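Each of the next two complexes has chain A plus one more chain, namely chain B in the first and chain C in the second.
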Partner chain A sequence: MLGAGPPMLLFCLFIVVPMIAAVLMSFVKWNGLGAPRWAGGANWAEFFSDPVARTSVEVTVKLVVLSYVVQTPISLGLGLFTAGRQRYKTVYATIFVLPLLMSTAGIALLWESLLDPNFGALTALSKSTGLSFLNQNWLGDPHLTLYVVVAIIAWQFIPFHTLLYAVGRRQVPQALYEAALLDGASPWQMLWRVTLPQLRYTIVTSGILMIVGSLTYFDIIYIMTDGGPGYTTRVLSLDMYNVAFLQDQYGYASVLAVILSVVGIAIAIGLVRFSGFASMASQQEGAA
Partner chain B sequence: MHRVSAPRIRGRRWLAAGAAVATAVVLAACGSAAGGGKTSASGGGAKGKTVTMWLVTTGPSPANTAVENLVKSFEKSHPGDHIDYNFVENQSYKQKIQLAMGAGNAPTIFWTWGGGTLQQYIKAGDVASLGHPSWMSDFLPSSLGAVTDQGKLYGIPVEGTQPVYFFYNKQIFSKYHLTFPKTWNELLSTVKTLKSHGVTPISLAEGDQWPGLMYLEYLTDRIGGPSVAQALQSNKKGAWSNPAVTKALSDIQQLVRAGAFQSGYDSLKFSGGGSDALVYSGKAAMQLMGDWDISSILGSDPSFVKGGNLGMAPFPTVAGGTGNPADLAGNTASYVSISSKATATQKKIAEEFFADALTSPSYAKSEVGAGEVPVTKGASPMFAGQSLASYDKTIYNSVEHAPSFQYSWDQAMTPQVANVMLTNLAQVFELSETPAKFESLLNNQAASGS
Partner chain C sequence: MRRRFTVGKAVALVLATIWLVIVAAPLYYMILASLRTQGTYLTSSPWIPSGSLSTSSYGTVFDAGLGRYLLNSVVLTAVCVVLTVTISLGAAYRIVRRRSRAVSASFTVMLFGLAIPVQAIIVPMYVLIYKMHLYDTLFALILTLSAAAVPVSVLIMVSFVRDIPRELIGAMLVDGGGEWTVFRRLIWPLSRPVLATLAIYDGLNVWNNFLLPLVLTQSSSVAVLPLGLTKLEGLYSVNVPAVMAGVLLSVLPLLVLFIFMRRQVMNSLGGMIAR
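Up next is the complex of A and B:
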């Protein structure tokens, strides 16, 4: 236990203390200057009556759900596909992983210029091929932009989750498939009865990362749409940034920060608990 | 770059959510410390006869050199005094100075855009009043409003003025035998004509939100005169319901409905250069923008500007409006102020720097040389021989003779109101919010957010 001292100290200093400070901050009004003023529950009451916050919560929930629903099947499919040891699959795997190597800002700027309705590549493509559905106001149409953002975030993160699934699949003992084959299982049955149960911890890990990650997602949205058009892509983390650093309302921003942290931690703990991940019991052959 | 190209883009880009949470949390920690005890009065840790100065920059520019030379000559003529200056990148400056102010650690001399943010610092007792210095009369009167609070002066112009005009493609206008519209109705018929020829009438970078604000500023002034904006900026109760604001907002939506703006105007950003490109490539006929647009277009397409194709015109008048057609809107200037936490010696040196150096005609001249339009009186002859002299001279004369020069609202108002105003105005431009809803939201924000 002696060795836990310094890490615990750092953990408290940089995680626990600031978190407590944020909770305290959520009960004051402060614009960054002078002394904070005690506000009681005013900031918290504001959260429940603030239409922008309500919109942000809705947008965030949509982003989390859509991101999970879009990213999981694609990552799983690609992961299982690239887990094979054939050489051409290695080539594919390398190509799939490329977006992972790009910086988020680079991805955002790249897509922003591709989707530009006047000078963008998609518009040019639509003009030269006559495919008029490509000529959309991708980042300015309130009915479209959130889905575009979901797609780009998926494009950014699917490679990482693909990698997780591919690694997970490669660790499933070959003997299980041989046994299933002897029992006359079809490939479909092998997927449902062997692969997926064996991958359950990978699914949970990837799910936690996806859900908590998209819950606090910020960068691409900030660079590409800055929450717009209107409030249609203003996720909670962006709202918090705006309230804190553009509106100088640090007390109310702390309310949003506390809510984001608590919800994020609660979801992570919940997923770990209900999935049996916490017990970490290995179901693999040979493990105790 | 010739001028500060994007002075109003607030906030630091490329911040991850995690970092934002962490910063908010760290700020929280700083705040409780700053709220508790008294902090050192040395201002940036400087001692004795050294003063610190923070200035904003968008990168290496001749304007920076002008300031550097000014400091050198000041130190020469004031032996023993030392000014320790630092240029801070434009985007991150607002947070840096806000943190330093909150921690009681501001430099002796700090850069400011004046207006609502400076007013917050003044209210918190962080800014030293300059009283009524004799050099006030050296500057154009319209340039000092942004650093004046309750009759007292708190800053001095350090860099040039940036009023807003329509910039247009002269080739397009001559091709269709058009002259630049002088009234709002003429503008609407020009829009119609251009559309019938397949040209986008107006380029708008509303993805940045502040370009749309320029329309509201000018329309409000043309319709109701400068007193309307003054009432808004002082957070008068119900000021946003002024009929001039209502008319301005519905005029904006009339322009949108007329199809004046390019497709995707609500996501295009000025910083990407796309809205300029539409104008100089001949896809769009005009753009309402701050005067930095001249250097911005010059940077992207020098032959377009040098060939005399870039036209510049004042905002049209509105029938029945009471505002003076010569009124301007935009950034009156950039300023420096003195921190109240500085020592008496430091304040004295800073005041001498203001009175002896920043007001000197030779500094105004080097500003002109750096491509700025200074707000010093009598600068008109200084533009002779400059590469953009014709534009600069027109700008200077219009500022000199403007009955009112209203300061950009997003700078003039408190940050609490400005941010909400920008986001909701973008929705007015998208026709997804009615003028009435905009007004009631802003009235509420002004009542609660100040």
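Up next is the complex of A and C:
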């Protein structure tokens, strides 16, 4: 039990080996049954000529950008709000956390039932209040569904990022605010000159998790829309799942997998470099 | 600093309250809907607790096998958490104590693991599990979910064990204790709060994971809750109260945990990464 051996073994066997295998598999044609055939760059060429993959890339980019734009300001605002020590804020913070306890499957089923166009709770609300905009075909309207998915993912993950920002805000030294107050700073100036600069590591951490997370987002889309209507919510990870497990093209699916992880890692590294954020290596030295 | 009531604060309170409603309303709806029957759900308002309420939907979902899913999830989560937390602590101690090349190299490799999304390796993982004849077993989930939890767990444990004063360890070694004694009498007791935090974090991830059970299992007898819920929905797509009862039951154990250990849970969710 004492030693780096057991976790290393688990990690290498089930994470590192599959990662290497994914790269190798992207160069073969294989349906999972017969022997894999070497395909050279054929799978990769297919990616660039595949209209579904192109759509998936577009949908994924939209999902990532929208998720970031929606989640960051709300999480930041709620995080700063719940960082206060007043009793009612603790109550708010406690309720805000609740969606984090739910599984994605649970969240998907809950929202499916809320949004059902016939018997859904929003339709009922629309009928009893007369707010007709609440009566939509939320999960069937091609112009709407992606935004609905973005909103539900935000509902799921804003609680987590709110916690991150609240923790970050509490770590800002109070002395900075006292000094700013002596200098006659307004609350608005304190936000821009003290809070936000002090939170820059939190902003980067939260941003990386948000972007990489929504890049590979799968669960809610798989359960609620399965990529539809049409291909309007078919993100890359869902495309990969379908190509692998429904069409049995493991080679081509591996191309999609490799692209997903390379882009994810590149974005993470890019954000870390761009922001001058202490790298993981120096964080382990306690420098962060 | 004297707290004054300002326009800014009022606006903040209003916005926070709007979000409170956005969070709480669906949860309230879920509870109320689970207390209807298939008939009363269609005839009464989903928002007003009028008319007859009953707990019969909870019976329905247990008849549909929810108990089995619940048991599978409990077993899977317990085994994964104990396994991950124990081996991570052991590894962290080794990484901090002995600065050999192999050990620090393995640490670096694990850090890279933080950046690999499970989605990206799910296809080879499936092939591997299939070739190992572990497809459709809980054991496959135990191995893969623990492996996926290794990088974050080791990182957190290393950053904690590193902060344990060397003098304490040195003193114990001078007194004639071996490495194992140091681990058992010093590291283990000191790390208990962190272990609890880590256990909650890992436990939540395992309990709620959907993709691995979806790809690596298929029978109802090994289905865990998130997967079981979707099976339930397939079975009862028109019986909303039953589905909501299932969702509620799946989150209930975590809710109980949360009520008793609120501070610890919130620390483990937010604090782990923000640190």
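To be clear about the criterion, the second predicted complex is superposed on the first by the 263 of 288 C-alpha atoms of A that agree within 3 Å, B and C clash if a C-alpha of one lies under 4 Å from a C-alpha of the other, contacts with A are read in each partner's own complex, and residues count from 1 in each chain.
The rule is simple: a residue touches a chain if its C-beta (ideal position, glycine included) is under 8 Å from a C-beta of that chain, and two chains touch if they have at least 3 such contacts.
All values reported here derive from a predicted model rather than from experimental measurement.
*Asks:* Between chain B and chain C, whom does A:Pro99 touch in the aligned arrangement: first, second, both, or neither?
*Replies:* second
*Asks:* Pick one for A:Asp226: touches chain B only (first), chain C only (second), both, or neither.
*Replies:* Once the two structures are laid over each other on A, A:Asp226 reaches chain B alone.
*Asks:* Per the contact definition in the header, classify A:Gln189: touching chain B only (first), chain C only (second), both, or neither.
*Replies:* neither
*Asks:* If you tally the residues of chain A touched by each partner, is the higher count for chain B or for chain C?
*Replies:* The partner with more contacted residues on chain A is C.
*Asks:* Between chain B (first) and chain C (second), which, if any, makes contact with A:Asp248: first, second, both or neither?
*Replies:* It touches chain B, and chain C stays clear.
*Asks:* Applying the touch criterion given at the start, work out whether A:Met240 contacts chain B, chain C, both or neither, answering first, second, both or neither.
*Replies:* After superposing on A, A:Met240 lies in contact with both chain B and chain C.
*Asks:* Counting only touches as set out at the top, which of chain B and chain C does A:Leu181 meet: first, second, both, neither?
*Replies:* After superposition on chain A, A:Leu181 lies in contact with chain C alone.
*Asks:* Classify the contacts of A:Ala268 with the two partner chains as first (chain B alone), second (chain C alone), both, or neither.
*Replies:* second
*Asks:* Using the touch definition from the top, say if A:Met19 reaches chain B (first), chain C (second), both or neither.
*Replies:* both
*Asks:* Considering only the contact definition stated at the top, list the common interface residues of chain A for chain B and chain C.
*Replies:* Of chain A, residues 17-19, 21-22, 25, 32, 104-105, 112-113, 116, 119, 216, 218-219, 222-223, 237, 240-241, 244-245, 250, 253-254, 257, 260-261 contact chain B in one complex and chain C in the other.
*Asks:* Along chain A, where are the residues that touch chain C in the complex?
*Replies:* 1-8, 10-19, 21-22, 25, 32, 74, 77-78, 81-82, 92-106, 109-114, 116, 119, 121, 124-125, 128, 155, 158-160, 163-164, 166-168, 171, 177-178, 181, 187-188, 202, 205, 209, 212, 215-216, 218-219, 222-223, 237, 240-241, 244-245, 250, 253-254, 257-258, 260-261, 264-265, 268, 280-281, 283-284, 286
*Asks:* Which bits of chain C are touching chain A when the two form their complex?
*Replies:* These residues of chain C touch chain A: 1, 6, 8, 12, 15-16, 19-20, 22-24, 26-27, 29-30, 33, 41-42, 45-47, 84, 86-88, 90-91, 93-95, 103, 106-107, 109-111, 113-117, 119-128, 143-144, 146-148, 150-151, 153-155, 158-159, 162-163, 179-180, 183, 204, 207-208, 210-211, 214-215, 225-227, 229-230, 233, 240, 243-244, 246-247, 250-251, 254-255, 258, 262, 265-266, 269-271, 273-274.
*Asks:* Touching residues of chain B toward chain A in the complex: what are they?
*Replies:* Answer in residue numbers: 10-18, 20-22, 24-29, 31-32, 34-35, 95, 98-99, 101-102, 120-121, 123-126, 207, 209, 262-268, 272, 274, 277-278, 283, 415-416, 418-420, 423, 426-427, 430, 432-433, 449.
*Asks:* Residues of chain A touching chain B in their complex?
*Replies:* 17-19, 21-22, 24-25, 30-36, 104-105, 112-113, 116-119, 137-140, 142, 145, 216-219, 222-223, 225-231, 237, 240-242, 244-250, 253-254, 257, 260-261
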